[in-house]
Amino acid sequence: MKIVLNGKETCCREETELLAFVLACGFNPERVVVQHNGRILTREEWAGVTVRENDRIDVLQFVGGG
Amino acid sequence: MKIVLNGKETCCREETELLAFVLACGFNPERVVVQHNGRILTREEWAGVTVRENDRIDVLQFVGGG
Amino acid sequence: MKIVLNGKETCCREETELLAFVLACGFNPERVVVQHNGRILTREEWAGVTVRENDRIDVLQFVGGG
Amino acid sequence: MKIVLNGKETCCREETELLAFVLACGFNPERVVVQHNGRILTREEWAGVTVRENDRIDVLQFVGGG
Amino acid sequence: MMDDLVIGGQPISNRLFLGTGKFSSYDLIPGVISNSGAQVVTVALRRVDPGMASENMLNFIPENCIVMPNTSGARTAAEAVQIARLARAMGCGNWIKIEVISDNKYLLPDNEETILATRTLAAEGFIVLPYMNPDLTAARKMLDCGAAAVMPLGSPIGTNRGLKTRELVQIMIDELAAPVIVDAGLGKPSDAAEAMEMGAAAVLVNTAIATAEDPVKMAEAFSLAVRAGRMAHLAGPGAQSALASASSPLTGFLF
Amino acid sequence: MMDDLVIGGQPISNRLFLGTGKFSSYDLIPGVISNSGAQVVTVALRRVDPGMASENMLNFIPENCIVMPNTSGARTAAEAVQIARLARAMGCGNWIKIEVISDNKYLLPDNEETILATRTLAAEGFIVLPYMNPDLTAARKMLDCGAAAVMPLGSPIGTNRGLKTRELVQIMIDELAAPVIVDAGLGKPSDAAEAMEMGAAAVLVNTAIATAEDPVKMAEAFSLAVRAGRMAHLAGPGAQSALASASSPLTGFLF
Amino acid sequence: MMDDLVIGGQPISNRLFLGTGKFSSYDLIPGVISNSGAQVVTVALRRVDPGMASENMLNFIPENCIVMPNTSGARTAAEAVQIARLARAMGCGNWIKIEVISDNKYLLPDNEETILATRTLAAEGFIVLPYMNPDLTAARKMLDCGAAAVMPLGSPIGTNRGLKTRELVQIMIDELAAPVIVDAGLGKPSDAAEAMEMGAAAVLVNTAIATAEDPVKMAEAFSLAVRAGRMAHLAGPGAQSALASASSPLTGFLF
Amino acid sequence: MMDDLVIGGQPISNRLFLGTGKFSSYDLIPGVISNSGAQVVTVALRRVDPGMASENMLNFIPENCIVMPNTSGARTAAEAVQIARLARAMGCGNWIKIEVISDNKYLLPDNEETILATRTLAAEGFIVLPYMNPDLTAARKMLDCGAAAVMPLGSPIGTNRGLKTRELVQIMIDELAAPVIVDAGLGKPSDAAEAMEMGAAAVLVNTAIATAEDPVKMAEAFSLAVRAGRMAHLAGPGAQSALASASSPLTGFLF
């Protein structure tokens, strides 16, 4: 199954809950924000969203900036 | 009969052609541009336009400017 | 008897010791420096110097300055 | 015979008039000024001066400068 | 000529543009124009009342000059557009200097409205030269809308304070392919020369000339300075250095 | 002419003085002089060795120019005096630019020694123009010693950094009756124009012209700028203001 | 405190805002923050890929700091709005520094798009601080749209060139009731002090601190300078004069 | 302390030297000194007439301050020497600020006489700090004569015009091993910070503090700025660049 993660095509074993996906990717849920198909999700919403074929997922975090 | 000339209420004897009005006011037709009820007129149009009650006439010329 | 005090001709009753002169003028000895006929005196020297006719005495103190 | 020409020790066949010396060196008399043992010479004086052992001769000209 | 500035298809050899406001008398203007050699001259459009025996400004401007009316008095794009159309109806050509100003103290322009007015007027066939706050991005938009050049201010209108915006103006010159004309605030010929050395295509000067004790002479001074600055730009200035470097040779010293 | 600068009894109409060092070839110099119209031209004096086939500098300078040798290489008043006497013996007149420099990095002059050299050379009949660190009191002393003018630096020699000393130079111009000529460091025509606007009597330029890509064109640019600045000084510049002041009328607005 | 700056209802006593980009290591940041006492700290939002073992920026910022994310990377208002919303979803508050930039060479902002983004984000309850090209009219529009302050640039981002836009920034400070914060380009503490003396409400500094040899010490230097400049502004500087005025008394001279 | 300035064997940790002239009341001086932390304080020496009920200046200066009398009023080296000797006879130590001034309008110093006075006074054991026109060569001579530091002016005394002589002062700082202290003309804390960033060892400020609306607060502002500038000098400022350089990362953009 293909998804687009951070703008790059990425392979994914199967459909999965977003929260599980985030954890599986090794992200720390406390420090990232996630956009699913262009919609910004609160952390509470992650459990209720399923990652499906062709979904666009963006995971962002704060970095040093001016 | 009242008209608004250059934003000021002005008395006028009677309805008259714009060209005659301009000349009667003492303007030099070669050096002014006229706006009639917000419409810019070419000099050629002056002869065909009648100044009527409540008309708004603006007469402008070039002056020194930067 | 005339002396020149701070550049101005000044009358003086009689010859006198410089220390007495300074005190009589109302100066605080701790805060002024005295020049006698162009010679700078230490405070210790005041007792041994006599103010005579035509002497030039300058009395200076510190003031605000930049 | 040794002389010091422009600060550098230089060999010279024999005593010679300064004018001849200048010409022999290939200088254009019109464009140089000469100092002989620290004395500035006019061009008229060149004929009357003899270059001798240990003399210091300086030959200068104008160059571009600011 | 070889180094002409071309705007709206017209070759302009004299890169000093001249404003005609604030002169103590219109009688000074012909001398100012002829001594400076200015080819582009700005005017304003104003209501004239019956009986106001004002002289005809245009009589003081030679036939061969390009007359560039400004839209002074406009506070919005729509007002600027209307003033521009009226000015064109005067029959002196289709050049227009857009001025949209809502600030009465510093007379600083409204770039956003100016972009809008530029779009409309360029589409109507005007040769549009917008007066603007120096801003690279806004300038790009004006040029995309059809401006023939952009005219950033050097300092506020009429202040004679000089080229205080050089940092932003230099960037505009370097980045834009279109002519950058410094308008407003230049107070002395050296300011104009500096703008030209930086690569400005032209400068527009009014107050500095009109308020000089001898405006005719000052006009000539500005004209010379503009030529000097342009020529220096073309001649390729040498580099600056931190340390000194002798201008006389470092060899052959007597001592 | 009406606005001639008179130094040593000689009227000078072109207020750009020209240095001749650092040109890539002497062949450029005639064009530089003719395009700039310079009337005062500096040269240096150097030892020449037998067989050094150098060209005669003087062949490149028109007859009607005033040749002003400098004393470059001098580190003391005595050395400057000797160099000046040698230069006079060349038969090109009695003008001398005093340079006494002990600092090899910034080539900054020694005002104290320069005062001494001025005294001696003026007494010997030279027309003395001392190059100096800008300093009102030192300038007064040089003039008391007989200097015909004083020549403060704008920035270190050869740096093209411009008129960095304007604060001190302006005071000198305002306070001294004698000509103040800005020498050294002027990098662009606008720098020269600014100096002239401030009231400098002339400027001396070398490196900025010699190191330009096109020295002949740059010489002309400087010449125009000097005229512009001088003319502006005479024309009486208008005042600067903090607030804007419209250049178009504030009445008769359409809107 | 008596002289707090209040933005978005929050009192801020330290008027040095700190950017966190370009530090050689995040480990420097806690020292920089504590030595400067900064209370407002900017961060950027970036995509993070799985396996990228980057440290959590937020761990280096004390709890009591206000975190102000920027919208860097946005080229349009819409992009800036989306980045702002994402940043808010991080749960660190609702401050946002709007940056909309389409120019990659000088990183100059797009004021027009910035106005649009300000309108949207202010309406959504953000505390909006737009980074902008200095422009009085554009600033007024941003404030009308709900900006809490405006942040004009001193010179292009990251150049350390200082307060090159002082003419336009001073006008903004004088004319606007809202806080004006100078952002970008300040290179030295004296630049920051000057901005504060002019009446800026605060300054935002990043590159000058991050690129110093000793960033922690430089952060403290900037902090002191900001306090100095603010204090001087409040203390009412004496006037400048053209002529000297003795600081020692002019009477009672010995000679 | 680690970064003390040592002059005449005395370690000085506060690099703001304070002039005491022109205050509306001596009563302000203790607050000014304590708020600024100044350790070196200048005074002048004046004739006092009998019955003049003036207060004792020294009562307003804390015991632990170094009192540095100036020689104001001196027009020649000889006069300065006599004033210095009188000042020392007051018993407040052997520091002396040499001022030799013959110009009453701009109060510019006479470097030549100052060199002479320096030689005499240094030989007599004074700690000599000469006020001077910025001039590398003259400074070298003063130091050769035994000056403990040199004090070039930033702009004329009492003008608050700032560091107008930065070009010449920077060269002095770079070339001289001895302390360079900027004296006169600094008008705002940012001026003082800039001087310190350039590497000045200290600054001497009087008028800018005495003529502020709130001199005590302004004194503190200057003190902070001097610390800021010194700290920045030690922290090693980053380089300036012509082009922008993003302070946020250039990778990981959402858009």
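Per-chain residue numbering starts at 1, and chain names A, B, C, D, E, F, G and H are given in the order in which the chains are listed.
Keep in mind that, in the parts below, a residue touches a chain if its C-beta (ideal position, glycine included) is under 8 Å from a C-beta of that chain, and two chains touch if they have at least 3 such contacts.
All values reported here derive from a predicted model rather than from experimental measurement.
Trainee: Among the chain pairs A-G, C-G or D-E, which one reproduces the interface of D-F, with more than half of its contact pairs identical by residue number?
Mentor: Comparing each option in A-G, C-G or D-E with D-F, the repeat is A-G.
Trainee: Calculate how many whole Å lie between the centre of subunit C and the centre of subunit D, each centre taken as the average of the chain's C-alpha atoms.
Mentor: 69
Trainee: I'd like to verify one number: the distance from the centre of subunit B to the centre of subunit F, where each centre is the average of its C-alpha atoms, in whole angstrom.
Mentor: The answer is 62 Å.
Trainee: How far is the middle of subunit C from the middle of subunit H, if each middle is the mean of its Cα atoms, in Å?
Mentor: Going by mean C-alpha positions, subunit C sits 33 Å from subunit H.
Trainee: If you average the CA atoms of subunit C and of subunit F, how far apart do the two points sit, in angstrom?
Mentor: Computed value for the inter-centroid distance: 55 Å.
Trainee: Could you list which residues of subunit A touch at least two other chains?
Mentor: Residues 6, 35, 58, 60, 63-66 of subunit A touch two or more partner chains.
Trainee: In subunit H, which residues are in touch with two or more of the other chains?
Mentor: Residues 19, 21-22, 44-48, 70, 72, 82, 86, 105-106, 108, 156-158, 161, 206-207, 246-249, 252, 254.
Trainee: Provide the full list of chain pairs in touch.
Mentor: A-G, A-H, B-E, B-F, C-G, C-H, D-E, D-F, E-F, E-G, F-H, G-H
Trainee: With touch defined as at the start, can you tell me which subunit H residues reach subunit C in the complex?
Mentor: These residues of subunit H touch subunit C: 19-23, 26, 29, 42-51, 54, 56-58, 67, 69-70, 72, 82, 85-87, 89-90, 92, 157-158, 184, 204, 206-207.
Trainee: Using the touch definition up top, name the residues of subunit D that touch subunit E in the complex.
Mentor: Listed in rising order, the residues of subunit D that touch subunit E are 6, 35, 58, 60, 63-66.
Trainee: In their shared complex, at which residues does subunit H touch subunit A?
Mentor: Touch residues, subunit H against subunit A: 246-249, 252, 254.
Trainee: Provide the residue numbers of subunit G that touch subunit E in the complex, in ascending order.
Mentor: The contact residues of subunit G facing subunit E are 102-103, 105-106, 108-112, 115, 133-138, 141, 155-156, 161, 164-168, 171, 175.
Trainee: With touch defined as at the start, can you tell me which subunit G residues reach subunit H in the complex?
Mentor: Residues 19, 21-22, 44-48, 70, 72-75, 79, 82-83, 86, 105-108, 156-161, 187-191, 193-194, 197, 206-208, 210-215, 217-218, 220-225, 227-229, 231-232, 234-249, 251-255.
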